[in-house]
Amino acid sequence: EGEKYILVSHAPDSDSWWNTIKNGIALAGKQMDVEVEYRNPPTGDLADMARIIEQAAASGPNGIITTLSDYDVLAGPIKAAVDSGVDVIIMNSGTPEQAREVGALMYVGQPEYDAGHAAGMRAKGDGVKSFLCVNHYISSPSSTERCQGFADGLGVELGNQMIDSGQDPSEIKNKVQAYLSANPETDAVLTLGPTSADPTLLALDENGMAGDIYFGTFDLGEDIVKGIKAGTINWGIDQQPFLQAYLPVVVMTNYHRYGVLPGNNINSGPGFVTKDGLELVEKYAGEFR
Amino acid sequence: MNPEHAPLVQMKKIAKHFGSVIALAGVSLEVFPGECHCLLGDNGAGKSTFIKTMSGVHKPTKGEILFEGKPMNFERPRDAIDAGIATVYQDLAMIPLMSISRNFFMGNEPTRKVGPFKFFDHEYANQVTMEEMNKMGISLRGPDQAVGTLSGGERQTVAIARAVHFGAKLLILDEPTSALGVRQTANVLATIDKVRKQGIAVVFITHNVRHALAVGDRFTVLNRGKTLGTAQRGQITPDELQDLMAGGQELVALEGSLGGTV
Amino acid sequence: MSDPYIETLDDERIKSRSSFREALIRPELGGIVGTIIVFALFLLFASDSGMFGSRGVLNWSQVSAQFMIIAVGACLLMIAGEFDLSVGSMIGFAGMMIAIFSVTLGWPVWIAILVTFAITLTIGALNGIIVVRTGLPSFIVTLAFLFILRGFTIFFPQLIERKTIIGGIKDAAQGDWLGAVFGGKILTGLFIWFGDIGLIETFSRGSRKGQPVVDGVPMLIIWAIVLVIIGHIVLTKTAFGNWIFASGGDAQAARYTGVPVNRVKIVMFMFTAFCATVFATCQVMEFGSAGADRGLLKEFEAIIAVVIGGALLTGGYGSVIGAALGALIFGVVQQGLFFAGVESSLFRVFLGLILLFAVILNTYIRRMITGEK
Amino acid sequence: MSDPYIETLDDERIKSRSSFREALIRPELGGIVGTIIVFALFLLFASDSGMFGSRGVLNWSQVSAQFMIIAVGACLLMIAGEFDLSVGSMIGFAGMMIAIFSVTLGWPVWIAILVTFAITLTIGALNGIIVVRTGLPSFIVTLAFLFILRGFTIFFPQLIERKTIIGGIKDAAQGDWLGAVFGGKILTGLFIWFGDIGLIETFSRGSRKGQPVVDGVPMLIIWAIVLVIIGHIVLTKTAFGNWIFASGGDAQAARYTGVPVNRVKIVMFMFTAFCATVFATCQVMEFGSAGADRGLLKEFEAIIAVVIGGALLTGGYGSVIGAALGALIFGVVQQGLFFAGVESSLFRVFLGLILLFAVILNTYIRRMITGEK
Amino acid sequence: MNPEHAPLVQMKKIAKHFGSVIALAGVSLEVFPGECHCLLGDNGAGKSTFIKTMSGVHKPTKGEILFEGKPMNFERPRDAIDAGIATVYQDLAMIPLMSISRNFFMGNEPTRKVGPFKFFDHEYANQVTMEEMNKMGISLRGPDQAVGTLSGGERQTVAIARAVHFGAKLLILDEPTSALGVRQTANVLATIDKVRKQGIAVVFITHNVRHALAVGDRFTVLNRGKTLGTAQRGQITPDELQDLMAGGQELVALEGSLGGTV
């Protein structure tokens, strides 16, 4: 009873997608009656994140749940935490193999490159030949992997099809419009989350391409769900962040209390969300979905 | 000078401390309308500090200021200006990057009404500036020249011309002639004379005994934050005044070797 | 004394300078030259990319208008001798307040907007009061507010709604008069007519087929123009404008001559906050959501626009028209690089180089004006 | 003239001030007071969180040491009257260069490090040369470099490797002597002995079972201490230190008396770049990878530490010891809030408040020293 | 004064333009060792600009500078200082936030060797500063007081004491007495006299005819960027000099009303 778990993410404070994670971990904490904390490097600097993992380990929790967005940077601190008796579960980014190497109990998440690749295959099946990847977080390796995976899935060169859009919605909107009017033959748009999807939706609305251009996105949010419903967005890739936060807490609590542990990693995604079966998604978008 | 008049300003036992430094230790002074009151004294005697308490820059630590008989509590220079005290500071109040005419009218901008709005009247400002500067014997290249390009003396002349133009009941001049050439100095002294004759009180700080004697009606000497007393014109010889200003020290040896009063 | 007027009129100590050259050297010259160069370059290299089609024009106009709105505030504040690093955080904060008031608390949008303006103006005043009372550099004070405001912008919505993006403002703002002042478009009728007579293109496919590609002038652009004009008039044509210059040129000297320097500075901080809130409100009304990450780095972008426009970082010198041109250059370059298809991560490199080039040009011009060496 | 010595010794115009108070008022007083307050608070509220266990101490020491390294550079530069907003981008850039040289190009790590130092020092000198030659404010010049360097840091690895993180440096640095100077640990023997005698905890499982949890002092901390000591001595005890003060206090006046102001400023820009590169190299060696987002906002953190430490933003006043204490406060507060379990989005709010509080305290102290009102 | 000596400095047809402003239009001057050469002239005549070309602050637009017979091309003040030219500028070269002794030795820091390292010798610096200031008649609270807390005149005295202490072959003083009290002025003049007798050349700028006549050996008058010629001591009466300085303008009217030479 009263175990303490700390979740460490690599996201800067303001990244709205991580709300779901925060809500998921809070809910799990309440349900399992354990203490949970959420930590992240304010600017998204991974070196700062390594320090936070060290700090978390030093504060003596029962377990740490962390992303593994850069193996080189994070492997050391995570291994040290494991060695000092803290159990670790890897979530969100990283791969099952890397999780095993650092000595984590398991991996819960969606390997980014694979998700991009799957999306690319799907788009290829729908006849897409060229695309625009709106990367609002260019400095994070996982966002580039998504674009790269998509390109590889389509079987085309990524080349100049990925733009560094920045995080300001007006900039994103106007940059997407600028790209599309300079490259009108573009078949598809891929966005990497609500931050880039919402302004892109507006951009397409304004330049009349909404519903006409093939539009896929990672991660869900209120506007994305509305877009899917309206048919502007063909699909969203849901990696179910809620599960990524909720499950590790449940798994670890049970492991610590009763010694039970699932025998395998859990892939929380990729699940393609399309027009069908949107009700619950719609209700909880941005909060639990 | 009319000693029977009520004094315009009465400074009573003014003290001013800066942290651990005692700049003024109780200085009293009266200035009457139409007189030129010279404030003399050694470097660091506290002259600038004293007139700054008069013009609202510093609040005195102790002491009282009566202006036209009423106690005054200046919170900021604006209050003193509004009460009718115009000051030319030793460290000139000029903005180098602004034009001469903008500097001249700074804080007293002339305006022109256009409908419900008031606009800065540039034309009027330029014209007045040129005229006033010419009166002081300085010929400008143009009123929109930046003040930063003027020589030190030229700048001082702008500051004096400004104070005189808006000159109210009391005009304070802190070493106005120290950076001036002979011609400009003569102009300034003539201006002081003119202003005084209009019934305006003048407080004039200088190190130059001759300048003081040329226009002063009364002379107050400060020394190390205290006053050594006030003398009427004619009651004191230049040499006595000089002695007082130097803090009563013997300057004979030096003066001898350099040939007379310096 | 002899009449000295004659002497004034010709002074042998001044080299003659052609009146053409005289007319040229003004603070905004750098901005004008820059604007011409930038447009010339993009006309040359990106004219076939749709950048100068009606949609393209609207595109970079909107981006430039955004920069202009915050640049006007930053410009006047900078001329008054201070600057504000909390502009970006203020944008995020203001948007979030509007969202919380109108969506979470369900207030009418116009009340939400007015209350938000009241709050941000108060914060602006607080910034100013701290700066003038303590005499601390505004860099530090507003840096503190950069962190404080951003912290609250992330904290509040999480506490209240458990998310950091609050949407649904568009529905709430439906039919709201004040919402339309920030998020609406004007002259829509005119543009539809333009489309009908073929003056501007119409959509050839998609949901809005047949409608003109540009269906009105967004209020964002109107706000930018209005703010620039007001800022310019206040600065150059009023007594208050003279006080702004004086406060920034030498606060001590200005105070000595009776300029209410503290009041001027506080008002300028409030005006900057006002501009940031206008920016935020337009953005929230356009996108229908407020996010905790809105406005990141906008303070730098505002300062860059102002400096490109010829203002002096140390205060006392500059022009609103220049700042507006700086914003235009900034917007056109940013969007133009996309139109021209330049690798987008190189945008930052270009931005840095343009900034350097612009300030060096401006310094040269300023020296010609003031005659410094 | 009579002997004036007697007069000097007692001057009736000075209120007496106790020698205790005299001894107290020095630039770093604010830092000392702040450090005491911060430690007292955390000892009170977070002592049971492991913050003052051996691993906890190592944790905040490392974070503080990082801040110290960049704060020393920023401090000396600020006293010399300039500042550098490109520190953060320089950190990212330097790390990326090392990674590209050693991993992509396969050079020996020590050559990669030395070449990187040569490049960054050149950029630092360039910053300085542009500032002193053009007379532009360093805010603008280094802001330009902030964008330019960050742009290249994102662009190069994308161009070369199609990603924004380059890993594998640890393998490359295996056994490299210069790599160990930045990424190694010292006193490992001592700490193993500490572990053996039970002075510090040991790992309870895994491959390092039985080894002490803290197995040495990271070179990062050594670098911080060495830089602080050298910086302090140069500033207060050498002629060059006097020139630094003079250049920042009034560059024109210093130039008149023959101080080589331009040289001083350029050297200080280079030293700042040096510190940023030390930071980057330590980081790259410790974590084994370089990312395009490394060092974001570090320029502000350095400036904040320096200002908390009592330096004057406008130059000419400050102390390296103060800056080091500022960095310590910053690091302890940042990590301490985590230990104390405070909601992490409120961290920024705290940071802003501490900054405000610290500068107000410092201003008060400085006024006591210089006797200004 | 030894006219048969070779001149220490020869300034030949120096011209200096600032943008469109012609500050100097070809001024020539010679300074001999052991003489005090007074430079006089109206505000804006170009005196400060002229001596700044001599001390390496400005590079002349045209003209040649010979120092000890060799052409000199000062790139920066350091060069002039190294050649032996010490200058007290009108806008004083003082750092307000630094202590008096740090200011005093700025650019000439005394060092003490410890092993291979050289350290600033604070003790020596403090001691010398106190001594030199006392010689000038200023009693300091302590050598580590910040210069910003001194009065204008006190600061000027520090600047002069510094130049005299490091005084080399040529000492240039730009209106050193303008902000000074009588006692300090006498001290400065005595110092000039002492320095001159040691064979050092002095260039002394002033607006005060009496100060000039007290110590000057030769007098050069500048007017609007040109020289009106050089006079020997004794060849010229105070009144003539005064007339020259005012640019030859008639001051009779003014002087009359104010009682004699101002």
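By letter and in written order, the chains are A, B, C, D and E; residue numbering begins at 1 in each of them.
FYI, a residue touches a chain if its C-beta (ideal position, glycine included) is under 8 Å from a C-beta of that chain, and two chains touch if they have at least 3 such contacts.
Source: prediction; values computed, not measured.
For the pair subunit A and subunit C, chains touching both partners: D. The most distant chain from subunit E is A, comparing centres defined as mean Cα coordinates.
For this pair, subunit A with subunit D, the centres built from the Cα atoms lie 34 Å apart. The mean-CA centres of subunit B and subunit D are about 50 angstrom from one another, to the nearest whole unit.
If you average the CA atoms of subunit A and of subunit E, the two centres end up 72 Å from each other. Of all residues in subunit C, those touching 2 or more other chains are 14, 150, 154, 158, 343, 345, 347, 371-372, listed in ascending order.
Contacts with at least two other chains are made by residues 18, 21, 149 of subunit E. In subunit A, the residues touching two or more other chains are 13, 138, 164. Residue ranges on subunit A touching subunit D, taken from their complex, read 13, 37-40, 42-47, 50-52, 54-60, 70-73, 76, 79-80, 82-85, 103, 138-141, 144-145, 148, 158, 164.
By the touch criterion stated above, subunit C contacts subunit A in their complex at residues 46, 49-51, 53, 55-56, 59-60, 62-63, 66, 92, 150, 153-154, 158, 162-165, 167-168, 203, 205-209, 211, 213, 283, 286-289, 291-296, 298, 334-335, 338-341, 343-345, 347. In the complex of the two chains, the subunit C residues touching subunit D come out as 130, 134-137, 139-141, 143-148, 150-152, 154-155, 158, 300, 303-304, 307, 313-314, 343, 345-353, 355-356, 359-360, 363. For subunit E in complex with subunit D, the touching residues are 55, 57, 76-78, 81-82, 87, 89, 92-98, 102, 105-109, 111, 117-120, 130, 134, 137, 139-141, 145-146, 148-149, 162. Considering their complex, residues 1, 4-5, 7-8, 11, 14, 236-239, 241-243, 245-246, 249-250, 252-260, 312, 316-317, 369-372 of subunit C touch subunit B.
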